[in-house]
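Both complexes shown next keep chain A, but they swap its partner, so chain B is in the first and chain C is in the second.
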Partner chain A sequence: MMSFVLILIAAFFFPGIILRTKSISSGRKGQGILQPIKDIGVLMRKGSVFSKTSGRIFQIAPVVALSSVLCVLLVIPFATQSAVISFEGDFVFFAYLLAFGKFFTILSALDTGSSFGGMGANREAFFSMLVEPAFFILLATFAMLTGYTSFSGIFSHFFLAGTHYVLIYSIIGFYIFVQIAMIENSRLPVDDPRTHLELTMIHEVMILDNSGFDKALIHIGTYLKFAIYGALMYNVIVPAGWNIFLQIVLFLTVQVVFAVIIGLTESFRARNKMNKNPKFILTISAIAWIAFVVILILTDKLI
Partner chain B sequence: MMNAILFLIILSLSFLVFFIPKSLKYYYTLFLLTSGIILTSLWCFGVLNGNNQQLNIQLYTSFFNRNFLLTIDSLSAFFIVVVNITVFIGFLYARGYLQPYYQSKNALRFSIHYFSYLWLYLSMIMVVMIRDGLSFLIVWELMALSSFLLVIFDAEDRTIMKTGISYLIQMHVGMFFILISFLIVDKATGQMSFDALRLYFASHSNFLLFILFFIGFGIKAGFILLHTWLPEAHPAAPSHVSGVMSGVMIKMGIYGILRVIMSVQNDLLLIGLIVLSISIASGVFGVMMAIVQHDLKRLLAYHSIENIGIIGIGIGLGVIGLATNNTALSLLGFSGGLLHVMNHSLFKSLLFFNAGSVYQATHTRNIEQLGGLMKKMPYTAIFFLIGSLAICGLPPFNGFISEYLIYMGMFKSLSAANLYQSIVILSSIVGLALIGGLAIFCFTKAFGIVFLGEPRSEKASKAKEVSRVMIFPQFITVAFIILIGLASVLFVKPVFNIVFQAFRLPDMTMVANSSVNNLAQISILSGIFVITIVILLVYRHFYLKTKQIDIGPTWGCGYTAGTSKQQYTATSYTYNYNHLAKPLLQTKKIMDDFRDDEIFPVKRTFESHSDDIIKKLLIDKPIDWFSSLLKKIAVMQTGQIQHYILYAFVYMLLVFLLTYFNLI
Partner chain C sequence: MDQKLYMEIKNNSLPLDLKEIPILKYEIFYDRVLAFLKEEGKHCVAYYGVESAGNLKLYCCIADDNNNIVVLFAHELNKDHPVLKSLTPECVPLHIFEREIHENFGVEFVGHPWLKPVRYPYNRKDVSEIMDNYPFYNIESEELHEVGVGPVHAGIIEPGHFRFICNGEKVLHLEIQLGYQHRGIEELFITKCNALQRCILSESIAGDTSIGHSMAHSQLIESLAGIQVSEALQIERCIALEMERLAIHIGDTSALCGDVAYQLGQVVCEALRTTIINTTQFWCGNRFGKGLIRPGGSNYPLNNEVVNEILRVLDDTGRRFFEVTDLIYSLPSVLGRFDDIGILTRQQALSLGTVGMTARTSGILRDIRKTHPFQYYKNYLVRPVILETGDVLARGMERVLEVHESVKIIHELIEIWQQKIKDFRKPVYDYNLKPDSFAISMVEGWRGEICHIAITDNSGNIAHYKVKDPSMHNWMALALAVRNQEISDFPICNKSFNLSYCGNDL
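Here is the complex of A and B:
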């Protein structure tokens, strides 16, 4: 239950921290840290405009996407406390339920009948398909290392497994989760949320026709997803056995650091060319493979 | 005895379908089919409940000196249940689907069609019950013949007839391999039956015979390299037939492979690895080809190859588990594979039925001409959506449960596996994850282009929802899909027992219990998911009532005079992907380039299509080569009688000389 609450808190401030980082690093005064949350309030108060082409899928897609994010929240553990619901293979459920939400988001983009929607839909489907193997290789590596097959099991035994080399896969795990989170949430370097040209958008162009309440739901989903991946990163770099208060502080620190990383990346990096993206994403899988080989060596299976 | 008589009565009554008035034929067939289904289901429940391990039904004591005996064990019972469900729903659907053909086709056509449908069902049932080799081959042949007759229902179309014949030939290639394998067993042991396999495997090379069987059964199942008939025959057949063929008939190949594996005693690791690698290749290749298809039914046919691949991954892992004494891997692998047999039969037949409904409403299967059907055919759209979600393996639908079992088998065995095993297992995990991702890509395309947006042609804009008789049976399938997804434990437990009995696994209570616990948790979480959606939707509904809602045009970057042709097409949706998968797909584009002197562009056409590279290399190229060879030989066919007399004379001379020198 603790992870649930903590992730909600982190998600509350997360987008604001990204924005603050970006405005500070570009020398602007910028918005307050709570501006994204206030924006959600504004969206909630607004009415909605629906395209006359769109149908039922378009109406329910934001709800489905948010529900999928809310449900995967339940399987994320924190410290020694296991998740609200924990079972073997819950990360498979995690990945597939998020895919369910994405399925509907893609369909809702196609439902508007605009070619922009189709463009975004196909890119999103394509890139998230490519990133899927990286996540599974990483989790398989962890499962092999710890001998457990649930998020809670893996993370609570993560640092007991091979004490002296643990930093290697901590760092690799952290790096891969950052990359996956960036791609899943459509941030730089794969997608640029600030771009104003529809032709170069990915995620933004899919939700062009959403407005009001639905758009607010989509934003909430994105913020939660950030915090969820932040929690996963936290779990691979902080041993589960530490003092609980220290853990809470560290958890929030990791989330802040993650948000700052995103902010800095977006301030100082240009977006990839669209046709370079597959290579970039497959590189992440390749790094996960390397992690796997490292584990093979460490567990004396190789050599 | 009673059982045998009832079964024989059904068999013999089936011939009467030719003498029934045209309007009653359907009901007569339905009656026979239902009685067959009830009868066989009763047998199955007896076996599955564990009352008796095995049920024997003696049909004839002597049939060409062979014992015509039906034997039902738990594996057969499982397959019978799967066949019964899909065949029954398929036939209910057929009534509406065949309606438009009643004027154009005569009574004999319908008789043949119903008769073949009935016999396809009966032969499939018998395939899984017969253990004797020769009788098995007879019913296997009956299955091929009846499905051939079903495929060529629309035989006025020359291409369909051609496809049908090509299907028939390829089925016989498969049959030939099975025949050879049985003959080898017969030669070595003096018996020709599945039961003799164990005897044979005890003293001979397991690997070679298994490969022969695998090729024979694999052609039916449609593993990669053996799949060439599949994407041709499914689109040609009427939709209820495609549903049954793809849903259950190809699973007979899986049944055969499982039956052989049950007897294999050594070389297990090698066999497991081969099955696994072919399956991963089938899965990835199937879905990769499916993405670029524009014909809705052909797209689904390629997905059958993909799903056979997933089933095969489960089986391959199971065999590797047997080889390495890893009970968890065997149990979860085989169970995942078996459950996927059932799941696939449900969602694939559902998808084919809906593809049929779309075809009936629009008279086209080309997805580039469809679009916007969700508003015109809401039921069809929702069923297709549920089928798509299930086939992508997304929770809370049934596809997820079987894929989850396979995943669990792999993840659980990782920590204890040695180097090679871990690499194999990891590759399978990656393969399965990739298949999942690609399937999502494919079905967002299929559903999005066909059912969402604006109609892309006049055909699509005039579409109407199909009749109720076609919609109603699909509710049953959907109910099963959701039931397996949400109450998976009810279905997984029996499957565990079947695997346990069939493969004589050592004690597996611990693995089974923990899996059942996990599945219960999944059900809870899926329940929470569904409830969250419902609550949020209700909240949204009332919340939006208080706000101002406007209807406007879709955002077009300021340009609002767009036509439906400006929407994203299926080709453009897969453009990115095509770019990446170029080497495998061999997409051909046909377009004239612009000339230098062309100031104002004139009307142009653009065409692109992807060939199945394997079909091209394996079937088309050899046939081309062979027919060109035959053409060269055809020089001898001059049409002049003198030449033919000369040939006869030369032949006689040859025979005479050879005999003279004792060469023949």
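Here is the complex of A and C:
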């Protein structure tokens, strides 16, 4: 339950920290940390507008997407405390529940009947498909390292695995989770959340037709997803056995660092060319593969 | 043959007497125009129709870049049987002008491949042709798809509709539909007899080229009214024009960075553009230079205080701009987006008759400041920046290099200005225009060649006013440049050309 609460707290500040980092690094004062949350409050009070060409799917998709994210929250452990729900292979549940939410967003984009929606949906589906192997290979590596196949099992035994190489896995895991989170949350360099150009959008163009309350739900989902990936990162770099108060402080620190990394990346580089994205995403899978092969060698499972 | 076939006129010089302009038979007109345009270094500035006494007169102005003159051909035809052989198959740059004449007067150009309406003016010949039922090029294919963008855009750009035919992410064809901004500018120049109103009107033709267009208008009025302005004022105008070029180029660099999500470049250039336009505001009270250029004189003569401010800002802004552009154009992620995207080859640029910056990035020397000098450029040699590759990177670099050049020009012009005698004349609004005359005025705005042409009637009123914005020539270049590009690269291609919608729509 602890992780649930902590992730909610982190998600509360996350988008504000990204925006503030970007503002400061471009020489501006920037808005308050809580501005994105206030914006959500504004959106919540508004009604949604539905186009005549869209159907039922478009109306339920934001709810489905947000609820899938909320369900996923339940399988994330924190420190030695196991997650609210924990079972063998729950990381598969994690990945596909998120994919389920995304699937509905894609359907709703197609449902609007706009040519942009279809284009964005096509790109999002393609890039999500490419990023999936990276996640599974990485988790498989961890499973082999620890001998457990649930998040709770993996992370509570991660640093007990007894090999000296665990630090390598921490770093690789952290790096890959950062990259996956950037892609899954449509940030630079794959997507640009700030653009106004429909033709270059990926995720934004899919939710272009959503307004008011529905849009607020989508934003909440995005913020939570950031914090969820932040929690995964935290779990691979901080040993589960440490003092609980220290853990809480470290947890929030990792989240802030993650947000600052995103903010800085988005300040000092340009976005990828669209046809370079697949190569970029496959590289992440390749790094996960290397980690996987190394663990096979280390555990003498590779003949 | 002794009979004179054409008239020669210099940019911004004495107007021609309308009666002296020889009217050619269409066969001769056709041959001569083609023969002229086939030669290197000649391009069509304007080709348009004027209704007079039940007949339609066609004027074709061809700029001869090597001899610094504009050659004028004319043809007259009966409005009832308007069928002519099209020049377009032999000379593509005329396609847009023939489309315009067709739209306005219903002249049937036999052999023209695509008589698509240009802007749906309110006084067009066939008012049953409306934008809503225009048949776009379409495809009946399972594999290809169409994407329509606009006319309402998400950003702060003007209205225009882009219809793409794509194969997946690749653009096979782009059709551009304009005309949403049509305001009847040319007609307004005739109906607004108040000289001040006309000046303000000229400033509003294209909001980003206020100085360019108002300068073209003032030159035209001065040439028709026989007003001479002092050299000091000419220099002031050139400085204003270069300031406009600086501001827009820096702003475009910012927008290009914004389109590829490079935040640092975007915000820095945005801020730098503000310093330039604020200097213009310091000079004349308007950030876009409205009210600065007036026929015959100036309400805001340059003084030492303004000069010092300009020099101070240029030193500071110039240094910062070159620092940040060094950074932008050496950053791999930015270069990856700009390099080799949206190429307009020299051949394409030549055959479309592109002008201005677009032509210069494709290796063509086309700069009115050099080839048909006006104002103080007559005594000052401009060094145009010519680049060869014709891609987005070239168009980005062109802006940086032109900013370099403009900063130098302003510095040198200010030095010359300080030695000139200032006469502080006020603008002239009660001018008398020379009757029955034809005058042409060309200005190299930041986008390219701006051309204003006026014809006066026998009592000295403006009978016809023609405005040509460089965008007229260049829109087709954009359509060609995005072929076989990714559709997600269209926005940066579009931004790199940065053509005017309202300048085209008038």
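Quick notes on this structure:
The criterion applied here is as follows: the second predicted complex is superposed on the first by the 297 of 303 C-alpha atoms of A that agree within 3 Å, B and C clash if a C-alpha of one lies under 4 Å from a C-alpha of the other, contacts with A are read in each partner's own complex, and residues count from 1 in each chain.
Everything that follows uses one rule, which is that contacts are C-beta pairs under 8 Å (C-beta built on N, C-alpha and C of every residue); 3 or more make two chains touch, one makes a residue touch a chain.
Everything numeric here is computed off the predicted structure, so don't read it as measured data.
Contacts of A:Arg269 after superposition: chain C is touched, whereas chain B is not reached.
In the superposed pair of complexes, A:Ala291 makes contact with neither chain B nor chain C. By the touch criterion defined above, A:Ala79 reaches neither chain B nor chain C.
By the touch criterion stated above, A:Glu198 is placed in contact with chain B and with chain C alike. Within the superposed three-chain model, A:Thr112 lies in touch with chain B and out of touch with chain C [touch as defined at top]. Contacts of A:Val178 after superposition: neither chain B nor chain C is touched. By the touch criterion stated above, A:Gly27 is placed in contact with chain C alone, chain B being left untouched. Of the two partner chains placed by the overlay, neither chain B nor chain C lies in contact with A:Ala61.
Considering which of chain B and chain C touches more of chain A, the answer is B. When the two structures are aligned on the shared chain, A:Leu6 is found in touch with neither chain B nor chain C.
115-116, 118-119, 198, 275 are the residues of chain A that lie in the contact sets of both chain B and chain C, per the superposition on chain A. Every residue of chain C that touches chain A in the complex is listed here, in rising order: 145-149, 153-155, 169, 257, 259-264, 267-268, 271, 331, 333-334, 336-337, 486-491.
Across the complex, chain B meets chain A through its residues 371-372, 374-375, 385, 389, 392-395, 400, 403-404, 407-408, 410-412, 414-419, 422, 425-426, 429-430, 432-434, 436-438, 440-441, 443-445, 447-449, 452-454, 514-515, 517-518, 521-522, 524-525, 528-529, 532-533, 536-537, 540, 543-544, 547-557, 562, 564, 566-568, 572-577, 579-580. Taken together, the chain A residues at the contact with chain B in this complex read 46-57, 60, 63-64, 66-68, 70-71, 74-75, 85-90, 92-93, 95-97, 99-100, 102-103, 106-107, 110-119, 121-123, 125-126, 128-130, 132-133, 135-137, 139-140, 143-147, 149, 198, 208-209, 212-214, 217, 275, 278, 285, 292, 296, 301-302. Every residue of chain A that touches chain C in the complex is listed here, in rising order: 22, 25-28, 115-116, 118-119, 188-189, 192, 194-200, 266-276.
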